[in-house]
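One chain, chain A, links the two complexes that follow: it is found with chain B in the first and with chain C in the second.
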Partner chain A sequence: MSRALALKPGTGTALVRHIILFIVAAITLVPVIWVAAAGFRTQISLLIGEFLFTPVMTNFTEVLFSKTSDFLLNYRNSLIVGIASTILCVGTATLAAWSLNRMDWPKWVVHVFLAWALVFHMIPSIALAGAWFGMMRTIGLDNSFLGLILAHAVLNLPMALWLMAVFVRDVPVELVEAARIDGAGTPTILGQVVLPIIAPGLAATSVLTFLFSWNEFAVALTLTMKQTATVPVAIAKFAQDYEIQYTQMAASAALSILPALVLLLVAQRFIVKGLTNGAVK
Partner chain B sequence: MRRTVEQFRGSTAMAQVTIRNVKKSFGAVDVIHGVSIDIKDGEFVILVGPSGCGKSTLLRMIAGLEQISAGDIEIGSRVVNDLPPKERDIAMVFQNYALYPHMTVADNMGFSLKLARVSKDEIKTRVARAAEILGLQPLLERYPRQLSGGQRQRVAMGRAIVRDPQVFLFDEPLSNLDAKLRVAMRTEIKELHQRLKTTTIYVTHDQIEAMTMADKIVVMRDGVVEQVGAPLDLYDRPENLFVAGFIGSPSMNLIKGKIEGGKFQADGGGVFPLASVPAGYEGKRVIYGTRPEHFVFGAPDGIEAKVVVVEPTGSESMVLSRVGTTELTTVFRERVMARPGETIRISPDTRLVHLFDEASGKRIVSAH
Partner chain C sequence: MAVTSMASAPAAARVPRRGRDPDGLWRWLTFAPALLLMLFLSVLPLVNLFATSFFNITWEQGQGIWTFVGPTHYQGLLSDALLHAGLTNTLIFAFLAVTGQMVLGFMLAYLVSRIERGKVLYRAIFILPILIPGIVIGAIWKLMMNYDFGLLNQFIGLFGLGPHDWLGNASTALLSVVIVDIWHWMPFCFLLFLAGLESLPQDVFEAAKTDGATAWQELRYITLPMMLPTIMVTFAFRLILAFKVFDEVYLLTGGGPGTATEVLSFTLYQRYFTEDRMGYGSAIAVMVIFLICLLLVMAAGLRRATEARS
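Here is the complex of A and B:
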């Protein structure tokens, strides 16, 4: 009796909860599925709005293997820029976070530094793109990977710094002191004590940084040309003056989701663990 | 086992610690105002005091985790003021153990040796030896999160003894343990010290820990050393009101009043006996100190006191009573069946009465 009473409200809430989850999942997934599905349609089928269609592979083969398409090159470019800017950005952020938390700065320096990082993060990247183009041109880094890597690292640095500052702060000070008494210098403390402990946080920050770089459009568009263009830039190029190649655009968009998807599946555990770390002791 | 211990002590030279007029200030705030302590080789010294008295800061200065603002700290016969922690030949056990969470027990214990580039075989032998001393052999491959509080504490000690340092530093190592385990670990640490005979400096705010474990206690308050001495010396002859009130549990009754006609007249009422009046104190204001356990129950010529609360513990009875408005805490070996409101007769043992100057708080005389 009591069991039935206990179960009843439980099942009711569970049902409501699942309906809500279903709606949220649908809102998130339907556009992605629609875009992916559009990649398998012909342009005509898409434009007349057929609901049931015969899937074709031409869009994908066109995007991937046609002589006029640079998509694989763009893919490679995005990987290079994404990986390099993530390493640069997260590495810098971790060292900065260590310095801010553990090197006896006056409190106001730390606060001003972090606040400034946040203010910088609020500037729309498009506002910086023009200025950066001029600067990169002056020092000869326009249309180069290095230019875009630097730009992406800088764009993501505030977020990475804020995240890493929290993770580093949560490493108990006694562990660092114990290591110092055990005979470790700062590089050893960082490498052998702090990094292994904040690994989940580091992974989470890296994944987010990589994804932001992977998706970044405005600055990439400004700083790259045909040879160095990244995937978002390439996708945008399907919209030309006289024709918008919706289906090829959809096919490349679907392809561009893949690395993010793989990364998230692999690192999901870390991201959840890393971003909720320290919230509950 | 004995041989194991001797191997540990083999390389250690004489390790006395001398703290000479050491001061510490954080910005404009002085937290330690010139402390001097001599610690002999092999001695177990406990720094005790209420929180904020500077005892942990002093320990951290000995460890090299805090800069010394003035004065000298010597370990062995070397001034270590400007040496980094790793060159001071000390090991420290932290309150929250500070075990590396991503390393096994064996790796935790061997970390300092690995950093000192000791060979793998040598590390293994030394870790095994320390594990044997502390009974940690079955846990060597476990991670800290898989251990209980007491086991973590023991690993933290293992990490310290593996290094065979000249000095062990303990920073409130037992305060995260439950009461029962604390008593057990207290014994274990004391026994470990008796076996290793390594100079040990131990910080605690718990005066029972200090009394039971130390060869020598340093009582600190507000960055000043109040008294240094063997546990029973501090108990028998506290040099001032602070030490009198701090050492001993339940704490000493400290009653304000003055000496008149060879007896002590309490401000709150009640006349207390004295063995003798110290020279020049007749008619002067003093503080009369007597420990709860130094009363005789039911003495016919005793002071009349009104019972407030009786707390029997089985082995003894604690009685809180009032003489006039003066509150008295007393502890008797016999069972006291008095009810609240009843009058009992109690009499302090005059040989064990302490008198303190009211103005300076300093001890005037002890009858023994």
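Here is the complex of A and C:
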């Protein structure tokens, strides 16, 4: 793509570029690898800082299967909240993006709604967490999955709305009109004409929404208790123990980034598309 | 991303009426879920927050007792030392972290756009920190910066330096948090800048080359001006997120030592949840939201100014 952009670099400058990039890549990767490796160490090996160590599995088995650890439960909770809130959020956002873009809403409705979504997106979630906590407690949804699912869905709604609006705009008007002339109603048009066209955009938005829900901490901290705690809440607990189990903390940290790693490997294209769409278009 | 959504509104409105759905029922059915979600979970809580900020709430046998105190909480904001520290640190933090991310991210994107091989691999590696939970980034760097065994102290030990208590020392704690945030979000700036660089029209560069422009001239007079919109959007987006910083601080320092890394979101958390002062905490939240709206208006003005100039 940028072949034309490159100044036909001499081998010297190309080498310098690769050396710099290699160093930055190392700075990016080494902390992650070092911590993942710490998950395979004994506490003593980590504390005395030996460079070569015999890997042990005790931290992982301890974190995953010990009676005192809830990590598997936390993992399950995070999956439930992540998947449910993603479906709710992206579904809602896609319909709304279509509605605001292609149906005859007065201009002010579109403007006010998008401006509100923008302001809402900028408010620190901890500021909302307080109000949510109070509301959820009143209607008995505190310490329930539904409360956190709703909260995550609305937290990610502005981003999903914005992304889906970009993808929906690319749907050709002619195609929709042709379908309508053929007698198709709105559900048929959305399902059979629009959906196939926006599918890649839908995938990109869903992947990001899921990851943001998986990563969210402040609201999960305030709306969950022991039984409903998500992975980030569990990891924060490690750091607050009086005697920090460093190696177990490292093992759980490594386990918690697995979904991100898997998605990065299989869906890098969608992640890049989602993250960059807004700024460039 | 967020900022340009403002710009999308006129574009959406400009779509010709042709091809628009005349179906009134479906117009409502498709919009209603998002509208309801927003009304009940964003408008209502904010109204709630505003109302709560005029009350004192105490608890007796699980029952909240609300006492109206008028604007007392707002007067209290002015003399809250913790809040002052939080505001100051947030400003310093946001300025240093966002500047660092922008500059490094741009340099990196510029380098990657100019290599022939390995682009996709580098991009995959650099994206990784964006996808890691903030709290896990906190955990990673709490281990990395540990006084006794952290890799950072082991590394500077190779040069006969240290060991240094990065997070426990008041003079370096905030800087350490800034470094962690740069590590976390520089990749995001990089990614947006790389996408921007790759979407620039190539003919201008061809012309410049024919005219014998040096690489520096090309960067200064073509690339940077053409990248300005992307740079502005990235800047605004990052600045807003920097003001929201919470997760990393929660795990790395808990606002300490003393108030060295106290940031706005954390002050809010402490006052509202830890000290259980719902009324006063709500007043802080209202103030933070007001500040953000102010920032937004300024950003919109800045945007209009740059658009008018170009």
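We adopt the following convention: the second predicted complex is superposed on the first by the 242 of 281 C-alpha atoms of A that agree within 3 Å, B and C clash if a C-alpha of one lies under 4 Å from a C-alpha of the other, contacts with A are read in each partner's own complex, and residues count from 1 in each chain.
Here is the rule we use: a contact is a pair of C-beta atoms (placed from the backbone, for glycine too) under 8 Å apart; a residue touches a chain by one contact, two chains touch by 3 or more.
Nothing here was measured: the structure is a model prediction, and the numbers come from that model.
Report for A:P196: first if it touches chain B alone, second if chain C alone, otherwise both or neither.
first
Classify the contacts of A:L223 with the two partner chains as first (chain B alone), second (chain C alone), both, or neither.
neither
May I ask you to decide whether A:A204 touches chain B, chain C, both, or neither, giving the answer as first, second, both or neither?
In the superposed model, A:A204 contacts neither chain B nor chain C.
In the overlaid three-chain picture, which partner chain does A:G183 touch, first (chain B) or second (chain C), both, or neither?
first
Looking at A:P124, would you say it contacts chain B, chain C, both, or neither? Reply first, second, both or neither.
second
Once chain A of both complexes is superposed, is A:E174 in touch with chain B (first), chain C (second), both, or neither?
Both chain B and chain C are touched by A:E174.
Quick check for you: in the superposed arrangement, does A:M136 touch first (chain B), second (chain C), both or neither?
A:M136 contacts neither chain B nor chain C.
I want to verify the contact counts: of chain B and chain C, which reaches more residues of chain A?
C
Which partner does A:L95 reach: the first (chain B), the second (chain C), both, or neither?
Once the two structures are laid over each other on A, A:L95 reaches chain C alone.
Let me check the overlay on chain A: which residues of chain A are in contact with chain B and also with chain C?
Residues 174, 177, 180 of chain A touch both chain B and chain C.
Which of the residues in chain B come into contact with chain A in the complex?
Within the complex, chain B contacts chain A at residues 63-65, 84-86, 90-92, 94-96, 98, 100-102, 111-112, 115-116, 159, 163.
Would you pull the chain A residues touching chain C in the complex into a rising list?
1-7, 9, 14, 17-18, 20-21, 24-25, 27-32, 34-35, 38, 46-49, 91-93, 95-96, 98-105, 107, 110-111, 113-128, 130-132, 134-135, 150-151, 153-154, 157-159, 161-163, 165-166, 169, 173-174, 176-177, 180, 185-187, 189-190, 211, 214-218, 222, 231-232, 235-236, 238-239, 246, 249-250, 253, 256-257, 260-261, 263-264, 268, 271-272, 275-281
Inside the complex, what are the residues of chain C that reach chain A?
For this pair, the touching residues of chain C are 1-6, 8-9, 11-13, 15-23, 26-27, 29-31, 33-35, 37-38, 41-46, 48-49, 52, 108, 111-116, 118, 120, 122-136, 138-144, 146, 148-149, 151, 154, 183, 187-188, 191-192, 195-200, 202, 205-206, 209, 215, 230, 233-234, 237, 240, 243-244, 246-247, 250-251, 264-265, 268-269, 272-273, 278, 281-282, 284-285, 288-289, 292-293, 295-296.
Residue numbers of chain A touching chain B in their complex, please.
Counting only chain A, the residues touching chain B are 172, 174-175, 177-184, 188, 193, 196-197.
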